[in-house]
């Protein structure tokens, strides 16, 4: 009995030694020591990680199993809400996933910490095209997680024409069946492409023109949504929805009626979502260990296979199933990528104007200060009138007229 | 035991967690990012007058419907025999204790163009109705969520009406309608005011209902404030200014409401 | 008239319960596309998935911890406050009561936003602290307190003010007088306040949404579920919550009915 035990122990020790020495290439052992029992707060987009449903890997659980670090995983809908929570919400996250332009905005406002790449050795798997990107030129603050293009999802049963231009979203034939992005950059971006402007224009007139175009579209729009499009498209509630290419993995695969197309006439948006550590993060080492883990090719492949977005790691791409690798939706040809434009962060005054225009579009036109003052004054007048009338009535009751 | 000392811990709490936060809202409303005094935020609020009007209008409609639909039910329950009353009131309160988000969300399933109601209409050969993402859907959501807050105070007040008063009126020759208009209705006024307040205030300031049932294109004041603090247009100063104007509006409305409450029978708007 | 009343009552209850019924029915829907309105067969797999969801269980745990803490603290603090306020001068009492009513009269969103500003400023001053369980519990206590105070005050006013003095004349210390004489008199108000505080805390969404930082409570978790791809797990959760609440209400109702019957029997005896 004891011999078997000793043999087992020896085998265990040997097997532990082997991965460390031989498979250095694919190991995720981070040089820095991380503490176990720590919980990190990860803030990511919705439906953006392999979470273990339908036989796929539960990445967060794997991470906890391998490192002992627990993950408090919460989600946000768009970059701006994430920014609001970080900038003003008093919330302390350890890993966040902003998009390109948001990374540069947050760097500018000192909301991100510089990463210690000693703790992220798996960074070597990131493709050369994605290093030192325009939004983080020194590549000090971010590690790319995914990239993709924006296109239009359409219901083949009701939309029979060719989908090659953003203008189809303004087509009265589909009134009430059109969805739009519920965030300013993406929605304005579509209008800007139709008008032939750059996404990153600093000319206020161009933004105003785009806002007017969006206001014209408003009566045709069913709803401004983000991840709710999954539900609305698959149930046939809506027929046209611009969204990110990766989501075709979920929508098109599960539903033969739904198709995806990139408007080739005007071009589209090329985006990169990156992993960053906010300035106030309390567990930087553990955060970096998480980022490192996500960069491991098998993990990156598992994530991108479930989520559908494109991976910036050639090694991970090799691990994807062939239908995905060869699929032009997820890995479009150079010709399309050349026509696409990336968002960059806008200067502050333009940004504030865009926020105001966005609220205006969703509201259906600006109001007048005068109206509001009139309304409040009206209520106040009503209140005073009632009080005065009561006082007069009481005085009359106390001293009745003779 | 007339010592005031036992209230001191609460007084400290009150100042720290009620007064100071309100003061912060006022301070933020009148300053800009760098901390300098400015009136620009209040001017900015003026731009959203459409939203204020829409919120007040929808809130008023929802309150009116709640009153119209809730009063008869409260009256019927108050007239039922004691055992029945308990069961009925329990049935009215039960949905109130279900999670608010889930209840609103459930209406989405019912109202969608490919939802249950439309499917039923189509099956009967009737034309489909477009109900979701309209102001009507938002009002429906408001009425659905807040009608119990109208029914309960009304019921509470109606059961307290002394039946001998009603009898006296009948003895004096009043018919059913006159009894109701001249006796029951005026005596139930405190309940009406309580109910109206408890429905109008949350209806005007909701943001979940408009987000879920309004489709993002029917913005209300609550949505606007949410956008400024945790949403897609971060500007806490403007958000505070909007909150301040909202508070003033509600205070005036409550002032008007309280003028109808002759005897001060309502205590701070809580169901008795 | 009678049938009209019955018909009307039925209609209103149909209105109130239709969505809930739909939610519950479709929680058993075996649909590959996770449809919420097309029936394709019976299954309980969504319930199974619900219990496997670690984040949900964590959110549930957070919600219960916060509710218990907030209810306990606000009841004690609120009862003490009601006692003290009762003994104040008329002017002082009016001021305090007006400020106390503020969280109740104010829209939830204004309360939430103002508390968020307070906590963010506090974290700035204290440095290194962030919003989470602590800020949630503090916020919940804040909006529960007015309800506790308003539940206890009427009972205090109904009570004979000389009772406590009489007890002390008979040799009790003030503290003993409180626990043995005053507290039993105001107990119904205290209990009502406690239950209200607990219920309000469990179901609160708006104030928690602004003051929760990285922590998730059950309503916040549900909200984030509705903003993503829909899964009938939400329906399963609704059905479970409904069953629990129904059971609780039935139990309470049966107990009060039984107590009522016992009291009547005692009266007749």
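By letter and in written order, the chains are A, B and C; residue numbering begins at 1 in each of them.
Throughout what follows, a residue touches a chain if its C-beta (ideal position, glycine included) is under 8 Å from a C-beta of that chain, and two chains touch if they have at least 3 such contacts.
Only a predicted model underlies this, so the values are computations on that prediction, with no experimental measurement involved.
The chains that touch both subunit A and subunit C are B. Chains joined by the most contact pairs: B-C. Inter-chain centre distance (subunit A to subunit B, centres taken as mean C-alpha positions): 34 Å. Each chain gets one centre point, the mean of its Cα atoms, and the points for subunit B and subunit C are 18 Å apart.
Taken residue by residue, subunit A touches two or more other chains at 88-89, 235, whereas all remaining positions touch fewer. In subunit C, the residues that touch at least two other chains are 36-37, 116, 210.
Contact of a single residue of subunit B with at least two other chains is seen at positions 112, 114-115, 229-230, 236. Residue ranges on subunit C touching subunit A, taken from their complex, read 32-33, 35-38, 49, 55, 58, 116, 119-120, 123, 128, 130-131, 135, 210, 213-214, 216, 224, 227-230. Residues of subunit B that touch subunit A in their complex: 43-53, 56, 112-115, 130, 133, 215-217, 219, 224, 227, 229-236, 245, 248-249, 252-253, 255-256, 259.
Taken in their complex, subunit C has these residues touching subunit B: 5, 8-9, 12-13, 15-20, 22-23, 26, 36-37, 77-78, 80-88, 96-97, 99-111, 113-118, 121, 138-139, 141-142, 145-147, 149-150, 154, 161, 164-165, 174, 177-178, 182, 199, 203, 205-206, 209-210, 218-219, 222-223, 226, 234, 237-238, 241-242, 245-246, 249, 253, 256-257. The part of subunit B that touches subunit C in the complex is made up of residues 1-11, 13-14, 17-22, 24-25, 28, 69, 72-73, 76-77, 79, 86-88, 90-95, 97-103, 105-110, 112, 114-116, 119, 144, 147, 197, 201-202, 204-205, 207-208, 212, 222, 225-226, 229-230, 236, 239-240, 243, 246-247, 250-251, 254, 267-270, 272.
Of all residues in subunit A, those touching subunit C in their complex are 41, 43, 46-47, 53, 72-75, 77, 88-93, 226-228, 230-231, 234-235, 250, 254-255, 280, 282.
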